[in-house]
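Two complexes come next, and they have one chain in common, chain A, joined by chain B in the first and chain C in the second.
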Partner chain A sequence: MFRGFRPGKLWSALFNSYGFLFLAFLYMPLALIVVYSFNANPINMAVWTGFTLDWYATIFGGAGVEGTFDVAFTESPERIFEVVKNSFLVATTAASISTLIGTATAVALARYRFAGKRFYQALLLLPMLVPDIVLGIALLIFFVGAGFHLSLLTIVIGHVTFLSSYVFVVVSSRLAGMDTTLEQASADLGAGALTTFRRVTLPLIMPGVLGGFLLAFIISLDDVVITYFIAGVGSQTLPLLILAMMRRGLRPQITALAVVIILFSFAVATVGMLLRNRKS
Partner chain B sequence: MIAGDTVRSRRRRALLLLLAPITLMLGVFFLIPLGIMVVYSFLEPGLYGGVEWNWYPYNYGRILGWPLNDYEEFDPIYLSIFLGSLKVACLTVLFSLLICYPAAFWVSRMSERRKTFVLFLIMLPFFANLLVRIYAWLLLLRPTGFINTLLQSAGLIAQPLDMLFSNFAVIVGMVYIFTPFMFLPIYANVEKLDYSLIRASQDLGATPLQTFLRVILPLTAPGIAGGSVIVFIPALGNFIVPAFLGGSKVQMTGNLIERSFLQSRDWPFGAALALLIMASVVLVLMIQFTRTARAQARGAV
Partner chain C sequence: MDFLQIASVHKAYGTPEGTSVRALDDVTINVRNNEFLTLLGPSGCGKTTLLKCIAGFEDLDGGDLILHGRSLRAVPAHRRPFNTVFQNYALFPHMTITQNVGYGLDVACVKKPERNRRVDEALEMVRLSGFGNRRPSQLSGGQQQRVALARSLVLKPSVLLLDEPLSALDRKMREAMQMELKNLQHSVGITFIFVTHDQEEALAMSDRIAVLSQGRLQQIGSPVEIYDAPANEFVANFVGTSNLFAGKVVSRERERVVVETANGRRLASQDDRFAVGDSVKLVLRPEYLHIVGPGQGEPGCVLEGTVKDTVFVGSVMHIHVDVGFGRTVTAHHRHDRADDEPGIAAGAAVRIAYAPAAAHLIAAAGA
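Entry: the complex of A and B
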């Protein structure tokens, strides 16, 4: 039935067709969005009335925007650009800070012996295990109570609290699989701790650090729930804009925007996974 | 001697420096907020939002059955919504398990090159935005959606099926979103399966069903448990999936929490609901930890 059994032809065929269905389940819904985004039908996306790029034009700006079927429900390219800018600003800042914090923590836990290590290991898992909505409202209560003005800054802080843990996990696994003899050699040859870290450890764990950064970046860019609670009036991110658009109704413009987001996320995720799989 | 002390104290300083940022970050922006949330859940809601600093256990009372007389009312709806959320989360776990379990065996049989590629394909949808993936299911399930249009044009149904805004839609959406979470732990387990045990079972004359129930299933139990916990936790507190795929017909605790924070502005009540979710999460995690600890102890003997 399984490897080591020389499965019969029937079992093999069954498993392969099941696997095909499994992948279809994962990708069919996304493929549907892509097809719909080129459908000219402005009212019912399920009925094909012809090929168009108009919906993409409503995002990037271009001809045909003013003549759109439901102008009132269409976000302007300027508005979309503004929230995309916010999203990128938040994701870049939050991912950078979390990469610094997460990497430092991973190095501390992997290369030093100290009391309370187990406490830190457990503590670092918590932000990934606490449900998003709980972290979201806890941060909202805290920010409002402490007199923070809800803004892009509060979103960055909120993201860093849980993204540090993700970077920590990625960098830790890189450190765990690393040969420590090089570090010892460096120390034996008289290099200080900082030099050893900069010249030996860091280059070796760099794929993990970059992979962690990209993971943090994409999670921050995609985050809906926590951002939803701690965003201020003037600090909308792209997922929050899409949330608002979806609440008003399903429109072709959202479909086109969804395709752009899928493509971008997949590209970043691909680079991230290639980095993480790379053997040093 | 002196040099040794300096090295040690220098290493101590380096360690402190490395740990200071995470300690500060998680202390101030994680542990303290969670602590304040616990405190809030025992405070009296202010008349116009905000809180009064009085001991007030009736936020929980409203949910669990000891309301403050003449002022608050015990409404069994909150408890039934919470139990409903538990049900939806459990069914989500069950169905994603049924879907991912055979898939893990499928992937484990591949050559290394193909395995890497297919694993990548299975992980990739996780990176598509949550809202985009929910949006796809809205387009599939709604009355004028893909499935209904297909069935109607094929002449199989006269009226569109009412699939959206139901427990079914919410569970389908959640299973779709959490599939990678369930798949990875099970796969990691299946990948390490000791096939000689399975062969021994067959050689000793066990039927395939017996081999599955008494050898394969117990051996893959840790992966099943791990995947179930990782899916259960975000499913229980979810509010985005039910908001779109459940509409006003399927309410989950997450939706109640969202409304008490952003609409009715009854923060203590929302905090109490959030703590109910946290309590369930902690309970599940504790069961899981004692389970793995016991399994490890057994393994050591």
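Entry: the complex of A and C
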């Protein structure tokens, strides 16, 4: 029975089980929430009482909320839809603006020499290191002081301040890996700076630019702390709504919502991975 | 009439330590129209810097570049009528071969039919017709090289700049490309400025060679001039190998100049550009040294010694001979199967002779 079982195999078996346990550690909570989202037990999620899709129905509006156990604690599909719409609007706008700013900054810092470049570079990384709660309070003080009415606009502006740094980092690494003689070659063949950027630099750093956009999009979509401070009445985002729902207790509807968010995140991550693997 | 003048060009680089390095120090070259000019030198000699200055990728610190009488100093790289073939080819990886070759024409807004015709011609010229739809990564090194050539030549530049374009190729491919490049230069009639550190490549391809060392122009001339009449010790040692004897000119009559070394050795030459008393170095190329029998060889043009070792490299035998006073001389003995090889082996006593015309004199360093 132990024929051919050498110490090497023992080690490899140990390493394999370690790898398996690590993955389990990472994904067990996610798996659990998926299971709970299909549990018909409305009060105690840990006790399985049967399979149901009701919780999903309460999100998408397929079944009436009236039928569920605790109507008072369940958000209407209309409300959820509105909040999701807010979140996507903020994430798309903030990620787009951040991508423009972050990419332009990365190109400027990678390709041009100017005074104070090092200092500028360090300043750009700071927003990522400042604790969210400090940044949130600072932004709130700024908006109130400047007379802004807190709304989706203030959320977008607030998100752009730190998302630009993320895009900058992602695009910078792509630029660092790019052969600068390609840009010289373009100039040599008669192309001015703008043509060179449009036809050579941009296509070659595009995976980085898209990657930066996706990262910014995802971070914006799930940001709670900063958004909490700078969101006004009527400009709630999805994470803020979930936080509010949680105050009334962990209800099955939240688990279903969580599963939808997990699936969406996986989809975005997959697109990001495909982009990264393409031509590199 | 001058075509492109490189006039007293200076360029210095700052180092991280805060000092500055002279990459180009007062380099002046008059480039002729339609010539194949090679910038030759060891790495760090400034040859690539000079090429980048001509292309416009680097600014000059001093001096000027004058094309047809007009200064190029204020002209940015993309407006200069020069094109470059880069060492790593720098083909655009996200474009097809056709798009790469057509890039310069597209940027210049050349009309589609003409653009396509010229791209086809250029690809045909480098024998890559039918490769148009491939990507650079699908081609071999030699093919990528030819695409880079086509991409530059399609724009009909006044000067084509080539930055060690053959260094990434293996030996056989490199020799084939050398001939191809030279033929191409003849057929398109464009001035080529070619950078290399390979002296054989320079000798084989060039109309003229400019030898650079430590940012300074050492000598410029035809390959034969550079090889047979090196201007100084650096050129004598860098282009081919040389046996050098330092000494003073002690007599100079008719076609016979005699140089005496510090330890009394007297060697003759026909090079009469120096006066009696001048400190000089006598240059003897290994292939001009012959093994001769007793009594043979012109008096004053013979060295006697013992063979230290021999290295057989195929076409010739390199013989290292100890000629006394701690000096070793290298002679290239032509190998001939039909011959009875004379007793050339380590320890054998031999006589080496040369023709007085083969001995070239250069000024001793610092003299």
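The rule is short, and it goes like this: the second predicted complex is superposed on the first by the 270 of 280 C-alpha atoms of A that agree within 3 Å, B and C clash if a C-alpha of one lies under 4 Å from a C-alpha of the other, contacts with A are read in each partner's own complex, and residues count from 1 in each chain.
Everything below uses one rule, namely that a residue touches a chain if its C-beta (ideal position, glycine included) is under 8 Å from a C-beta of that chain, and two chains touch if they have at least 3 such contacts.
Small disclaimer: the values here were computed from a predicted structure and weren't measured.
With both structures placed on the common chain, the touch criterion links A:191 to chain C but leaves chain B unconnected. Look at A:147: by the touch rule set out above, it reaches neither chain B nor chain C. Contacts of A:249 after superposition on the shared chain: neither chain B nor chain C is touched. When the two structures are aligned on the shared chain, A:203 is found in touch with chain C, with no touch to chain B.
In the superposed model, A:120 lies in contact with chain B only, and not with chain C.
For chain A, the partner touching the most residues, choosing from chain B and chain C, is B. In the superposition on chain A, no contact is made by A:50 with either chain B or chain C.
Overlaid on A, the two complexes show chain B and chain C touching no common residue of chain A.
Chain B contributes residues 10-11, 14-15, 17-19, 21-22, 25-26, 29-30, 32-34, 36-37, 40, 99, 102-103, 105-109, 116, 118, 120-125, 127-140, 142, 144-146, 148-149, 176, 179, 193, 195-196, 198-199, 208, 233-234, 236-240, 244, 254, 257-258, 261-262, 267, 270-271, 274, 277-278, 281, 285 to its touches with chain A in the complex. Note for the complex: chain A touches chain B at residues 1-5, 7, 15-16, 18-19, 22-23, 25-27, 29-30, 32-33, 36, 44-47, 100-102, 104-105, 107-108, 112, 114, 120, 123-124, 126-127, 129-135, 137-142, 145, 157-158, 160-161, 164, 168, 193, 218, 222, 224-225, 229, 239, 242-243, 246, 250, 254-255, 258, 261-262, 265-266, 268-270, 273, 277. Of all the residues in chain A, the ones that touch chain C in their complex are 179, 181-182, 184-192, 195, 199-200, 203-204, 279.
On the chain C side of its complex with chain A, the touching residues are 55-57, 76-79, 82-84, 86, 88, 90-94, 103-104, 107-108, 151-152, 155.
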